[in-house]
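Just passing along the structure, written as structure tokens.
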């Protein structure tokens, strides 16, 4: 679950993190009103991607009329496939310095990592690549969270590579950053987020420390603990996803792990590794996968049916390759689902099934009785489906 | 010999009375695993599949001397089950459960770091030592065959594929370990490689990685420092599209690691032959073992 | 800061712990109204002490009229020196079982301890003495708090010594107690409490698990983190303390560590150990200390003055013994405060000062110049003050 | 010899630039303590009392090789300062600060339990090894005198009283340790007794307890199991009124321990002579040391 900037900032505020005053506007008129309340504003498209500034999605408006015009322009944009259902109008800050502050999962350390740099703003990835020592890192104990002394050291380490004059004294920086980092880290834990990022973290010329932008991404596996938040975000999320691939939106609705790839061979398998390898096999045989669809472990007949239906919603699909290697998933369950779906959905495109593993024999017998000949070798099955689709296309 | 699991391992199944727990415990018993107890809080004192059920792992350990557990509990409770196993002093916890919140696993890992318990998984098929008729997890029984190959893989289903394809050509396994596909794991490739290095019966290791993270790159570093046995590599997801990323944190943390090409390059630089397909793996294994 | 039952239960509710429905009544009429809303009620005096039931402060009322009568009676009571400003009227529970659940500081383990027993209710202290094995204990890691598996084991351990039939099955108990204990422990940490106790923890005949009573005590040293709560509780706290020693109430207002003891020799010292030993010395010389007053470490002249004023508010005081051994406290500061106070307060009772330690010389010179002869030996000084008071009394 | 602190100890003062920190650092320097640095976050790079100030303990340790710290920071920040000292690898942290929230100290203790750092305090006068001209804390300089007596006490001011009274009769100290009066402490009586047992120059130990807690009872158990040196006991608060207690938890946890009579009885049962007054302590010490 990716939060839009204004949603992320609502969470920041709740956690006690300072954000600029702002209003969400869904029409030019709302933006006009926001500007008359707030004074000069920056108007930002609300889409769940980075690099909005470079894509022209961030503009300054110094008068209500200008805000209206800018909002009209931005709301009509399409940014990397996303339409713009709303803009965020925020008071214009007098930026003194831009820092980077982020909390995210570090897979290697198996912990959340806090990252702080005085080289914040748009170029942070370049900084990370060229002068990684300018980004200070802290891996707090997940039970205690970051101790104040650890945050002070993080700040001192980041400061050691800061360039140019500082707006705040060292003592002021330390006393601002200790509670800020604690709150951001705790928010990350409370929300089960795998990313909470403030870039830029603005220090204004007046010495205020404010979140200039906000990115929050919530772990999908933990969404069961955040139903309320998901509901709250529902409307906007639906709107924001309007620019997304329609098939993927539908797959999410069906609770399937599906990625649309654009080819013509639908691929279904159990286990991400197996499905990825199946894509590789199809490609190696000269085919083009239409999608990645992992039915996961232990899928029941119903899930298999759901998956087949999903793949067939893609009008480009000319053939389907189902690759099942049973472990926790049982062959007979998959077979039942396949047969049921084929009969009910009246599938006409070629369907190649490769099945082995747990309850392989039972599954195989069911399939054969229903006139589907399962393959045992995955490469052979991949070759078959590619050939069949090629033939059908002739 | 084998790693992690042998015929002496006494196994308790956490969540045995659930439907998955029941099915796979039966499979484990059929394979010959010494399953000695089940744990289902609130059902202690009952019997299931002819085995005693306890309310807690600690009680099961006291009563049965169990040293290993397999975790089949739902995702919301799985991290707690892992910590329970570690607190009870088990040597090894194997967590099959998938979809566990990542921050739960971060905490479970931190809990384990102070203790002597090893974790395999989560979101993994578990492990199997065919020569010892012992498995914990969900690797299909018919895939195991005793032999000299150590197998370590992130993907469950690919583990089965590899075991089956090797077996079809007559190459069995000392132990096959599916370390799991989650971002936060227990044993890493490097950990398992070190165990295989110390196992006299393992002559060769097959290591099947996939895109994401940098465990494969770390394993390549280990191998590059001089690994005593041949390693055959495989990386799946070569044709997978790049994921959509929000924010910069991911890029800062992982840099250029994580892609299939980064992993293949790292392994090849360490002297590992990386196969393109599972058939290719079998060919490499065959070449190494027939040569020696 | 000790919370009254209804204040504690407000915190419990906020933390998601089930409590009976209830209303606070400050007049018989309010109690009558509460009963007509809630049906039959139990009416309980709201004073910050245990054993209210045994003292006759808890009565059942089955009708609004009865509630009015019972409340009139209870509000007029004095319970161990406390007047009763309010009663709590709570729905009558059909009690199936009474458990004990408490979180408190275990000094020996240097941790909070969670205690659970199936022998809850009024006799828990007796159970603790005679059959301590019937109270299960858990010392959670203070950073992680209690893990669910630990709470399950705690429950199983407590259950092992439970007697009689259980209202709930083991599985039900486990699933009720895991979140309950987590919430109580977290509340204890959030409030910086050194005690959060539910006794009895009632399991109703219907199988509900409800806090029958609630005791919360907040660490005085942490009150700076709970100003808002202190304000919220302010009115009731003031009311509840009306039964307390007036001198102690005044001392709290002056932020002094003071205990009223009832004798005629006022005792002031720095450091709890020193003051306790000074009390012992006064007693050994046949005197009766009027109070314990610790000015703590590093006290400034102002604090010394404040302390002297405080001691003199007690009309029984016939003499004052100031015992200072300077460490972090400096002799000259104490001397200044003493001289200032003596002059401004026009102290007429005998004042014996014993002073040694840091800046002893400077302090001694100041005192001597002001006509106060300081002693060096504490026992000698104690003898002198006891003699002077005895003489003055003749 | 001495315990915990000697002439080699290099001391950093956390909170040195505050008024208490300044005053007592001067006193420590006058006594001869090797104070090598101060720590005041945000003031790093400056000088105070002729000593360098650092922003963090870690930086001070790197620059000066400090091994001990004295904590003089306000209560809200003290537990963090203790953890900072432990994380920086100090051998000993001495926390003078009083009024620290008890749950902060619970967390600090848990933090220390995984590390090798010893804590004295909080709410304590610190410690002094007169023969080594070294002290950390606030024990008045004139109270220290080298000699064969180990002193351990909960109360600060009583520590001074005892040192002064002993000194007046010619009995100096190896080390005097005020362990502090808070409910949650670092070193306990037992910990310090064990250190004194191992110190060849300490011939006798004076242990001054007070009502509350059961550290004195635990120390009595230790002594009862066979302690190699004579111990003179003292318990203050005999005439203190019983505290008002809410709830039952306190009684359940502490049972009958904690009262002056419980402590005196426990110590006497362990063979310790318990003096009634400070004069009595001196008499007992005198009797023991003149005899030997």
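So that you can tell them apart, the chains are marked A, B, C and D in the order they are listed, and the count of residues begins at 1 in each.
We adopt the following convention: contacts are C-beta pairs under 8 Å (C-beta built on N, C-alpha and C of every residue); 3 or more make two chains touch, one makes a residue touch a chain.
Computed from a predicted model, the values in this text were never measured in an experiment.
Asker: Sort the other chains by how far their Cα centres are from that of chain D and give me the top one.
Answerer: Of all the other chains, the one whose centre lies farthest from chain D is A.
Asker: Could you please state the distance in Å, as a whole number, between where the Cα atoms of chain A are centred and where those of chain D are centred?
Answerer: That gives a centre separation of 54 Å.
Asker: Report the inter-centroid distance (CA atoms only) between chain B and chain D in whole Å.
Answerer: Centres of chain B and chain D (C-alpha means) sit 51 Å apart.
Asker: Report the inter-centroid distance (CA atoms only) between chain A and chain B in whole Å.
Answerer: 28
Asker: By the touch rule stated above, which residues of chain B touch at least two different other chains?
Answerer: In chain B, 107, 111 touch at least two other chains.
Asker: Return the residues of chain C touching two or more other chains; collapse runs of consecutive numbers into ranges.
Answerer: Each of 141, 143-144 in chain C touches at least two other chains.
Asker: Draw the chains as points, connect those that touch, then say whether the picture is a line, ring, star, complete or other.
Answerer: other
Asker: What chain-chain pairs meet the touch criterion?
Answerer: Listed in label order, the chain pairs in contact are A-B, A-C, A-D, B-C, C-D.
Asker: Write out the stretch or stretches of chain A touching chain D in their complex.
Answerer: 144, 147-150, 152-153, 156, 169-172, 174-175
Asker: With touch defined as at the start, can you tell me which chain C residues reach chain A in the complex?
Answerer: 141, 143-144
Asker: Please name which positions on chain B make contact with chain A in the complex.
Answerer: 20, 24, 27, 75-76, 96, 98-107, 109-111, 125, 137-140, 142-143, 153-158, 160-161, 164, 181, 183-185, 208, 210-215, 218, 236-241, 244-255, 276-279
Asker: Give every residue of chain B touching chain C within the complex, in rising order.
Answerer: 41-44, 55-59, 77, 80-81, 83-84, 87, 107, 111
Asker: Which stretch or stretches of chain A touch chain B in the complex?
Answerer: 2, 48-50, 100, 102-108, 110-113, 115, 124-125, 128-129, 135, 141-143, 189, 192, 194-195, 197, 199, 215, 217, 219, 221-222, 224-225, 259, 261, 269-274, 276-277, 279-281, 283-284, 289, 292, 296-298, 325-328, 356-358, 360, 378-379
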